[in-house]
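In order of appearance the chains are A, B, C, D, E and F, and numbering begins at 1 in each one.
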Amino acid sequence: MNRKTGFFGILAMSILALAGPAFADELSGGDTAWVMTSSALVLLMLPGLALFYAGMVRSKNVLSTTMMSFICMGVIAIQWVVYGYSLAFGGGAHPLIGGLDTLMLSSISPETLSGSIPTYVFIAFQGMFAIITPALISGAVVERMKFSAFTIFIILWATLVYDPLCHWVWGEGGWLLELGALDFAGGTVVHISSGVSALAAILVLGKRRGFLKEQFVPHNLTMTLLGSGLLWFGWFGFNAGSSLAANGTAAMAFLSTNTASAAGLVGWLIIEKIKFGKPSALGAASGCVAGLVAITPGAGFITPAWAIPVGFIAGILCFQGVCLKNKFGYDDSLDVLGVHGIGGTWGAIATGLVATVGTGSLITGDIHQLWVQVIGVLAAATYAFVVTFIIIKVLDAVIGIRASEAEEIEGLDQSQHGEVGYSL
Amino acid sequence: MKKIEAIIKPHQQEVTIDALKAAGIQGMTVSEVKGFGRQKGQTELYRGAEYQVDFVPKIRIDLAVDDDMVDKAVEAILGSARTGKIGDGKIFILPLEEAIRVRTGERGPEAL
Amino acid sequence: MNRKTGFFGILAMSILALAGPAFADELSGGDTAWVMTSSALVLLMLPGLALFYAGMVRSKNVLSTTMMSFICMGVIAIQWVVYGYSLAFGGGAHPLIGGLDTLMLSSISPETLSGSIPTYVFIAFQGMFAIITPALISGAVVERMKFSAFTIFIILWATLVYDPLCHWVWGEGGWLLELGALDFAGGTVVHISSGVSALAAILVLGKRRGFLKEQFVPHNLTMTLLGSGLLWFGWFGFNAGSSLAANGTAAMAFLSTNTASAAGLVGWLIIEKIKFGKPSALGAASGCVAGLVAITPGAGFITPAWAIPVGFIAGILCFQGVCLKNKFGYDDSLDVLGVHGIGGTWGAIATGLVATVGTGSLITGDIHQLWVQVIGVLAAATYAFVVTFIIIKVLDAVIGIRASEAEEIEGLDQSQHGEVGYSL
Amino acid sequence: MNRKTGFFGILAMSILALAGPAFADELSGGDTAWVMTSSALVLLMLPGLALFYAGMVRSKNVLSTTMMSFICMGVIAIQWVVYGYSLAFGGGAHPLIGGLDTLMLSSISPETLSGSIPTYVFIAFQGMFAIITPALISGAVVERMKFSAFTIFIILWATLVYDPLCHWVWGEGGWLLELGALDFAGGTVVHISSGVSALAAILVLGKRRGFLKEQFVPHNLTMTLLGSGLLWFGWFGFNAGSSLAANGTAAMAFLSTNTASAAGLVGWLIIEKIKFGKPSALGAASGCVAGLVAITPGAGFITPAWAIPVGFIAGILCFQGVCLKNKFGYDDSLDVLGVHGIGGTWGAIATGLVATVGTGSLITGDIHQLWVQVIGVLAAATYAFVVTFIIIKVLDAVIGIRASEAEEIEGLDQSQHGEVGYSL
Amino acid sequence: MKKIEAIIKPHQQEVTIDALKAAGIQGMTVSEVKGFGRQKGQTELYRGAEYQVDFVPKIRIDLAVDDDMVDKAVEAILGSARTGKIGDGKIFILPLEEAIRVRTGERGPEAL
Amino acid sequence: MKKIEAIIKPHQQEVTIDALKAAGIQGMTVSEVKGFGRQKGQTELYRGAEYQVDFVPKIRIDLAVDDDMVDKAVEAILGSARTGKIGDGKIFILPLEEAIRVRTGERGPEAL
């Protein structure tokens, strides 16, 4: 049992560990307050992500980039209530998928509890994860993917990729959970899955006109920095909320998250300083996100002190990651693979390397956990890549996923939304 | 009358305008432009890549003057906008046939 | 009793319903934490609203638009502590107005409790509502109303419109509360009242120079989108905080809020797509606000599944609402009537139609509740309209409410505040 | 005991006062939830501060100004975990400094409690204070200080100024704590220390090229206003979180904070209206920060009603404060001394004047407390000034702290970071 | 052909363009510029200080016209851009040797 | 010497500048302007309303050239900026009396 994690694992662990006043089937006001707060924080990551991404594109695409996050807030929030939650967390203890027994959240009322919190809170919190994950992918396809195609894509992707993966890792009976793969707050489910799906999508979508020839200069870096600040803030909910209780595990996850983010920021700036002589503001924004991604799978298992190397190395690895696209020539516009794919993978592995709280890892002599982590990464990455590739291929054949050349030149704000970002 | 168009470095804007005023110029119109020339743009960083922007921000000063003021104005600009480094910019002089003050309808040199 | 709502009603209900560890007169840390968090979230809605509105005006009025929200944060926060709270929640159980017994919050100390939370927290939370409501009105009068006049207006309005209305609906003995009108988080008190007051104000104030002739293009839509993101985030406090406890009701309100917002966003985009062929970013920002407004009165009574149609219809209705001004020729600049008035009315009615938790409604066969809701809407709307009209008329006669034509042309940032928004 | 404050004092007080369900050594979910939320709120003040400051500089320095806040988030967050926390809160009960016994937070686990919350939460919360304080100083040195020098400066400053001061006021056995100096949330430790340190730094650094000759027009005031909104929001965590529990003291601190902020905003606008005929948006942003600074030391001791004059006078005093630099000719670019130094001093004194809850003050006939407050101010100001002056002098001699004239003219974004803020 | 450059107040832009169109002008190019002249800039507040910005925002209209349209265009501008207060701006007329329509390659007055 | 002012579509900026450089032009000055002409502005959405903006964003290239370069420059622009659709823009040629390089004080064609 102490190897398992995800919702039920963590829940059990935290109750046993702290012997607090919270027992299953009795509502804890403190836990409920914290997980509601955390859910709100994760929701705020969407506008944060929108700013983070939108600041990096050219001004003619600022709104269309933002809209790719907002449409996830619209469409996936509904999908989750209608059937997504049920697919991920419903059903019996099937290893691969949930059930259809809680469609429309039927049978749940304000009195229904999940551990020490109302089930509605658990649904809300998990729903925010379902919303943000496809929004992360958007960073790779901005400036050229049709808005209509993206909208349909995220519904299919949430249904066919996210909901099953979520079940594998966090759902009752999910096979990765049973295997003992640790993913405290979504390194596998959220970051690796979005990173490799981004790659699959752009392989079909193709490069932006002028990629590697023209300079795609970020149009407003203050927006990106504010976005990264909101992401950092929201990530406390993402990670510390994942303990589903206001307890010592949440507290450690909170502090480890903050520390890894800081270390990621510093790591990225140092390598920039070495390579280019100057640390950049975009580097700071990117580095803290890299650190946050990397600590996500292990936030509840890794101490703040160990979070320093985890974050620092993430800053350096993701810096290398974003350089790959120039070498290999695929146009991962805002580096979803480079930051989320690579950062998430590193974080999942790092959990097997340095986790010391509530689990074993390499440094405690538990090499098995490391292997389990690797299996989790490979399984999730393969599944997400293959299914995404198929979805995108089919979508492209049926409705076409790419804006026309004229639309791309004009900018997607005008061509997809009939608007311009600024009339200063 | 002549029209003088001067393209200068942004950081010299203030001293140049002061010098022109000191030379007796009472009005001018300024705009922000991008220059392409011998001077190369800055090196910028962008996520693991370094690249050179291909333009340089410049300031353009438009100045309508009476013929006898042309030399004074040109000297004022040369004396203030010059830093001695590549990219200091250019002065262009064009013939100006008429100038009219909108408020009064005055024409010619009095309109300036 | 089960028909009543507002603070005391909800409080009683939640205590009875969940039999949690919270009993009146004993402080609950969880509830206190949640309502403080919620209060902070609602405060953040002010800068959020300022951005939301300011992005839609021309750049020469960006600061003056922002200032109309900030001045509410300044002036009403003080008014509330000095006498506003006492007017709304003080006194005996008078049906129309509170009393003057808690001026300056005398007699309240850190030990004083309101249910399971310190009274100071209840005051803070309710104060945020008093602050945001007049700020909502500002959207109708921007770009032409004098800042000085607006400042005096909001003090009068808070005193003569908000505080009484708040007492009717949520104060002990308030007649709408006694009648059984349901307003979980302020559909009537906040949204309908601000919507119709906006209409009353602009009937006196008149149109902006060039209205329907010139194009008033939003100067910075990224600002509006960020604003809508902050509003969405803050609204969790607004609605889920209104249960005044971290319990199952709060949890449902939380999830229903998120769902309705999402559905509003989708509803607005779909009708735009149908009418203009393109869904717009401003439509997304407007749609989620419409959904949030509509779920406000029923957030604690309507399930997440029912929140989908409530939000979706709000998106479509409010879209129609904002079109009205072009037909009728009144200049509700940023659509306060169109979004808050219409959305709030729909939400109050919808509560009588589909509420199923802790109350009856049409779908549970309780047609009486629907009538009570209609009475609540009509009473609040009539009162707010008439009193606002009188306030504005008197103000106009005494000090003049409109900036001069030259000031309007120059922009209110320069003429009212001696500043410009941007010097990029 | 009832004179002492800081962490242990407050903790004891709140437990005694409210006799709630929280007892030392038992975890309270509500308290934990609230202090985690508060920690996240304080972290958000960093991007808030970055925006607040960055909007006021010229656009060629917008990123470098932002980066001075972000680098604190990176570097100090790590310093705190590595040894800062230990220096401030570790060791025996030494009057001047903590110890080295909790380097790398060794010996702390998720089960370790500080009062009713996990120690990890206490560390995180206090760490956010350590992060924001040097960031406040940056406002004085922007537009000319080298980024590398600033980075080294903040590490030295945190180690030699912040950590000791923090121990004096809040650490076990700290001499100001023992003396009975009241500093609820950091008036002395955070605001006075950053204000006078800013002065010391700029005396060495010198003025910006063109100071008092050219006009340094804020490049984007909407950014500054959003920043002030985020600061206001985050300050709820800063002040109400400082009670380290979700209780009546936190509740009062919450409401007093909101009220003082409002009053500061109004005070500043009124004096502007009197002096210049127009209240400005920057005045509103500055005024609320002045009010927030002033209420910080007394938030848990001063009632909301008394918070009105405290905030209002802060607005007026700080307005005068920012005018000083034009008279005396030092270039405190964004008025760190004028707002934080003066506001913090006023707040510390005001606590000795009008505090009535849990302590005596002048109005309760306790003149002794006032003297203790004055001693606290003088001790902290003198120490911070002298040590900062030495640090900066040494740094300047060793590596040079000022960007070259060419770099300053070009803008620090380009010269320090190789970027430009906007390419609209 | 002549080239007319008019510097006017931003708030007169709309009426001026309308007047030009009414006078038969079919095309023009507009840009935002900063004016230095007799009219002084606005008084702005900045944290306890009041100062005067030294430039005034202006709109520049560039207009290539056939010789016989010059007077009509000038009159249209004078009739619409004038507010009678200092800072109404200037009209400058320069000789234009050639005009070419990029799309068709047409030259001379037909290109306008 | 002549001064060439070309108004072109923003998306043709890059190819046009490249073509000019290829034609031997070593310097030019570029600015963003708004065009009013036959080409109509975009249709934009604004909360339940659809409207047409009345201007079109354009790029203006200012180019001082020696007389013998005029045709080459014009051809380079025509060859690169043309898309064949309405709104491709105009080229205007004005007489230029003098050009001075600020850095060196050189005058005439050498200053370009």
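We adopt the following convention: contacts are C-beta pairs under 8 Å (C-beta built on N, C-alpha and C of every residue); 3 or more make two chains touch, one makes a residue touch a chain.
No experiment lies behind these values; they were computed from the predicted model shown.
Number of steps on the shortest path from subunit B to subunit F, with steps defined by chain touch: 1.
Common neighbours of subunit E and subunit F under the contact definition above: B, C.
Counting the residue numbers used at the interface between subunit B and subunit E, under half appear in both copies, so the two copies meet with largely different residues. Centre-to-centre separation of subunit B and subunit D, using mean CA positions: 46 Å.
One inter-chain figure worth recording: subunit A and subunit C are separated by 33 Å, centre to centre, where each centre is the mean of the chain's CA atoms. Residue positions of subunit B with contacts to 2 or more other chains are 31, 44-46, 50, 94-95. In subunit A, the residues that reach two or more other chains under the touch definition are 28-31, 33-34, 37, 217-218, 220, 276, 278, 280, 282, 417-420, 422, 424.
If the chains shown are joined wherever they touch, the resulting network has some other arrangement, not a path, ring, star or complete graph. Inter-chain contacts occur between A-B, A-C, A-D, A-F, B-D, B-E, B-F, C-D, C-E, C-F, D-E, E-F.
Within the complex, the subunit E residues that touch subunit B are 2, 5-8, 31-38, 55, 58, 60, 74, 77-78, 81-95. Subunit C contributes residues 26-34, 36-37, 39-40, 43-44, 46-48, 50-51, 54, 62-64, 66-67, 70-71, 73-78, 81-82, 104-106, 109-112, 117-121, 123-124, 127, 147, 220, 223, 413, 416-424 to its touches with subunit D in the complex. Taken together, the subunit B residues at the contact with subunit A in this complex read 44-51, 53-54.
Taken in their complex, subunit F has these residues touching subunit A: 11, 14, 42-46, 50. The part of subunit B that touches subunit E in the complex is made up of residues 3, 17, 21, 26-31, 62, 64, 94-103, 105, 111-112.
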